[in-house]
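Structures are listed in the sections that come next.
After this come two complexes, each holding subunit A, first together with subunit B and then together with subunit C.
Let's turn to the complex of A and B:
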C-alpha cells in the first residue's frame, strides 16, 4: 500500500465533500442544536436516575458524566464519518454504482468508508471534548503521560469496534439490499453505551459484552479515565478491536464475491 | 407490506429501548423513590413499547424523498391530498407490526411472569383510542415539518431536532411521574406527555387522569390541524416542480 497516495486521495475526499455539505449551511446549524439538545436530554435523564440515589451500578453522577462525554465524542465520530459513508454503500449496491468503485485503482473499503464527511458531527465531537475536560476537572483527574496514552489507546479501540459494527451491517446489504432497519437496531443498541455497564442486570451485561461489545466502547475508556481499569480489561479491548477490524475486512472481501451488480 | 417481514421485525426490535430502561430502573431500585412497584413499572414500560410501536411516524422522510425525486408533482394533480397516501401507509404498517409486537410481549412475559395482567375491555378500548390520538398528533406535527420541504428541501434535520424532546419528554425512557418538579410544572401543557406517557399509564393501569388526558390530546389535534392546512396551502402555492 502506498501511504502517500492514500493521503493525497483522502485530502481530495475531504475537499469535495466539505464543499458539497457546506451548501446546506442552515442544516449544520440545526444539527448543532440537535446535538446540544440531545446531550442536555441525556444529562437530564441521568439526573432523574440520580435523583434519590448516590450511586448507579457503583458510579457517581460525576463519574457517569464521563461516559456521556465519551459517548458524545463517539456519536460525533459516527455522524461525521460512519453514518454518511455507510448509508452511501446501501445506495451504491442498490443502484449498481459499486461497479465504478471496484474498478478504481484504489482499495474499495478505503474508498467507501472515507469518501464522505459530515461537518456537523465535528461540533458534536467538540461538545464531547468540552464535557470531558469539565469531567476531568470535577473528578480531579491527574493528567499523566501513561494515563493519556492509555485513554488514547482505549478510545481508538472503541472507534475501531464501532466502525466494524457499522461496516458489518452495511456489508450485509450485498445480500439483503435493504438494511435501514438493521442500522436502526444497531443504533438503539448503541444507545445503551450512554450508561455504565454495571447498572444493567447480569444477563444483559453478558449480552452487551459478548454478542455486541457495546460495553467495551464506552465503559472501559471511562474506567481508564477514573483510574479504575485493570490492565487485562484494556488488553481484552485491544484484542476485541483487532478481531473486529480483521473480520470486518475479511467479511467485506468475502461479500464482494457475491456482488453481482444491479439487475444481473 | 407483508413483503418486508424481516424489515418490520427488525424495526420492532429497534423499539426495545424501553426494556433496557426498565432494566436500569429495577436493577438499581430507582423506582422506590417514585412509589411505583417493580411490577407496575414493568407494565408501564411494556405499554410504552406498545404505544411507541403503534404511534411511530416517518412521514417527513417519505415526503422529503418524494419531493426531492420530483414525485410530488403528479400527486398534486390528483384530487386527494397526498398526505392521505402516507396516512394509509402508516396504518398498514402498524397492522403488520402487530404480530411482531405480540411476540416481543410474549417473551417479555416469559422473563417477567409476575407482571402479566389483563386490562378490562373499557380500559383497553380507551387506550387504543388514546394511542391512535397520539399517532394523529405526531402525524400532524411531522406533516407540518414535512411541508417545510417546500421551502428548504431538507426538512428531515428539523424533524431530528424535534425528535429529541419527544424522546426525552414523552415518557419513553422514564415515566413522567419521575421527572423533577421544575419540569412537571410545565410539561403537561406541551403535547409530549400525551404521546407515550398518558396512553401507557392508561393501558398499564397506573394512576392517570383519563378525561384530562384525552381532552388534551383532542385539543392538540384541533390546534395542529388548522396549522397543517394553512402551511399546506401556503406551501403548494410556493411549490415549483423540479426543473421548472
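Let's turn to the complex of A and C:
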C-alpha cells in the first residue's frame, strides 16, 4: 500500500467534505447546538439516576461521568466519520454508485469508510475531552505514561469495535439491500454504553459482553481511567478489537463477490 | 497487426431472482417463503475487440448489454467462461487494470453534488496518483476538448444535465484510460449536447486510440460512432459484425418517389415491371433492391420523362428496431 498516496487522498477527502458541509452554514450551526444540548441532557439524566442512591452498580456519579465522557468522544467519532460514511454504503449499494468506488485504483474499504466527515462531530469530540479532563480532576486521577498509553489503547480498541460492528451491518446490504433498521438498533445499543456494565443484570451483562460487545466500548476504557481494570480485560479488549477489525475486512472482500450492482 | 484488447470466451452470468405473487396474500407469502430462481441473463457469449475499436452494444431493455459491460470492467463476477481485458482478469480489479479503464454511466454520477466539478477532478487526480501540475495540464486539455470552462467552478447541483455530463466525462478521463465503457452516455441530453458528446468521443478515440465499448438507445450514437455492433438478444449475441452490413441486410430495398411530367408517364412506369408502393396522379413510389439501384435508375431516366426523383432511406431507428426483437442474423 502506498502510504503517501493514501495520505494525499485523505487530505483531499477532508478538504472536499469540509467544503461540502460549509456550503450549508445553518445546518452546521444547528448540529453544533444539538451536540451541546445532547451532552447537557445526558449529564442531567445521569444525575437523576444517581439522585436517590449515591451508587449504581458500585459506581459513584463522578466515576460514571467518565463513561459519559468516553461515550461522548465515541459518539463524536461516530458522528464525524461513521455516520456520514457507513450509512452511505447502503445508498451506494441500493443506487449502484458503488460501481464508481470499486473501479478506482484505491482500497474500496478505505474510500467508503473515510470519504466524508461531518465537522460538527468534532465539537462533540472536544466536549467529550473537556468532560474527561474535568473527570480526571474531580476523581483525582494521576496522569502517568502507562495510564495514558493504556487509555489510548483501550479507546482505540473501542473505536475499532464500533467501526467493525457498523461496517459489518452495512456490508450485509449487498445481500439484504435495506439494513437501516439494524443500524438504528446498533445506535440504540450504544446509548446503553453510557451506563456502567455492572448496573445491568447478569444476563444482560453477558449479552452486552459477548453478543454485542458494548461493554468493551465504554466500560473498560473507563475502568482504566479509574485504575479498576485488570490486565486480562484490556487484553481481551485488544483481542476482540483485532478479531472484529480483521473479520469486517474479510467479510467486505467476501461480500463484494456477491455484488450485482444496481440495474440501469 | 492490431491486437485484441478484449477477449471474451463462453461467458455466462446467472442471477438469483425472486418473484412475488400479486395482492396481500402474495406479499405475506413472499415475506415468509421467498421463491427464488436462477436466471441466466448472459448465455455463453464469445467475442473479441481490437485496440482502438469503437463497438456498439445493441439490444432491447434487459437484453444484457449493461451486464456484459459490467463484467468487462470487473464489477460483476462471471458465472462461467473467461474474460481478458488488456491482459487482466477484470474481476480481480488489479490497480494497473483499473488505471487503464473507465466506466461512464449516463444515469449515475460520481461528481460531488455540492461542490464545483474542479474539486472532484482534483480528488480523482489524487486517487490516480497524479501530481498537481499533471492534473492541471490534463484538466486544461480535456476541458478544451469538451468546450467547458466557467462550468468547472460552479457547484454541480447548479449545472445543466449537458454540462454535468461533460464534467462527468472529464472526471472519468483524467487518468487517460485506454478502454472506455460507456453505458448510455447521452441519456436525457438534448440534440446539441448529444452531438457535442459524440464529437468529443470521436476526437478522443482518434487522438488516443482508446477502445470504446458503448451501449445506447439513441441510434445516432451508434451510427455516428460505431463501425461494428454486437447485438444482444435475451443474453445471447444475435449479430456481431459491421453496422453497414447489418443495415443492408435489414433494409434490402430503397423507396424511390418519382415525379413524372404527365400522369400517362406515371402509368407507363407503373406497368414496366417495378414494384409499385403507391401512385397519386403523376407521382409514383417504387421499391428497388439496393444491389440494382444504379441500373434501375439509369433505365428509368433513359426511358421516361422524369421531372424529379427522391431516394428515401428507411428510418434507422425502424431498421435497428428489428434487431432488438430477432434472435439471429446470419450475414
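Going forward, the second predicted complex is superposed on the first by the 263 of 264 C-alpha atoms of A that agree within 3 Å, B and C clash if a C-alpha of one lies under 4 Å from a C-alpha of the other, contacts with A are read in each partner's own complex, and residues count from 1 in each chain.
Everything that follows uses one rule, which is that contacts are C-beta pairs under 8 Å (C-beta built on N, C-alpha and C of every residue); 3 or more make two chains touch, one makes a residue touch a chain.
All values reported here derive from a predicted model rather than from experimental measurement.
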Inset, instruction - Return first, second, both or neither, reflecting whether A:257 touches subunit B, subunit C, both chains, or no partner chain. - result: second
Inset, instruction - Could you figure out whether subunit B or subunit C reaches more residues of subunit A? - result: B
Inset, instruction - Once the structures are superposed on A, label A:109 by its partner contacts, choosing first (subunit B), second (subunit C), both or neither. - result: neither
Inset, instruction - Could you say whether A:12 touches subunit B, subunit C, both of them, or neither, answering first, second, both or neither? - result: second
Inset, instruction - Identify the partner contact of A:139: answer first if only subunit B is touched, second if only subunit C is, both if each is, neither if none is. - result: neither
Inset, instruction - Using the superposition on chain A described above, determine whether A:242 touches subunit B (first), subunit C (second), both, or neither. - result: neither
Inset, instruction - State whether A:96 touches subunit B only (first), subunit C only (second), both chains, or neither. - result: second
Inset, instruction - Check whether A:87 is in contact with subunit B, with subunit C, with both or with neither, and answer first, second, both or neither. - result: neither
Inset, instruction - Would you check which partner chain A:23 touches, where first means subunit B only, second means subunit C only, and both and neither mean what they say? - result: second
Legend entry - Partner chain(s) touched by A:2 [first = subunit B, second = subunit C, both, neither]: second
Inset, instruction - Show which residues of subunit A both subunit B and subunit C reach, each in its own complex. - result: 24
Inset, instruction - Name, in rising order, each residue of subunit C that touches subunit A in their complex. - result: 15, 66, 70, 73-77, 93, 95-96, 98-99, 101-103, 105, 107-110, 112-115, 119-120, 122-124, 126-129, 155, 183-184
Inset, instruction - Sort out for me which residues of subunit B touch subunit A in the complex. - result: 4, 6-8, 10-11, 13-17, 20, 23-24, 27-30, 32-33, 152, 154, 157-158, 160-161, 164-165, 167-168, 173-174, 178-180, 183
Legend entry - Residues of subunit A defined as touching subunit C within the complex: 2, 5, 8-9, 11-13, 15-16, 19-20, 23-24, 95-97, 99-100, 102-106, 257, 259-261, 263-264
Inset, instruction - Could you please specify the touching residues of subunit A with respect to subunit B in the complex? - result: 24, 26-27, 30-31, 33-34, 37-38, 41-42, 44-45, 47-49, 51-53, 56-57, 176, 178, 180-182, 184-185, 187-188, 191-192, 195, 199-201, 204
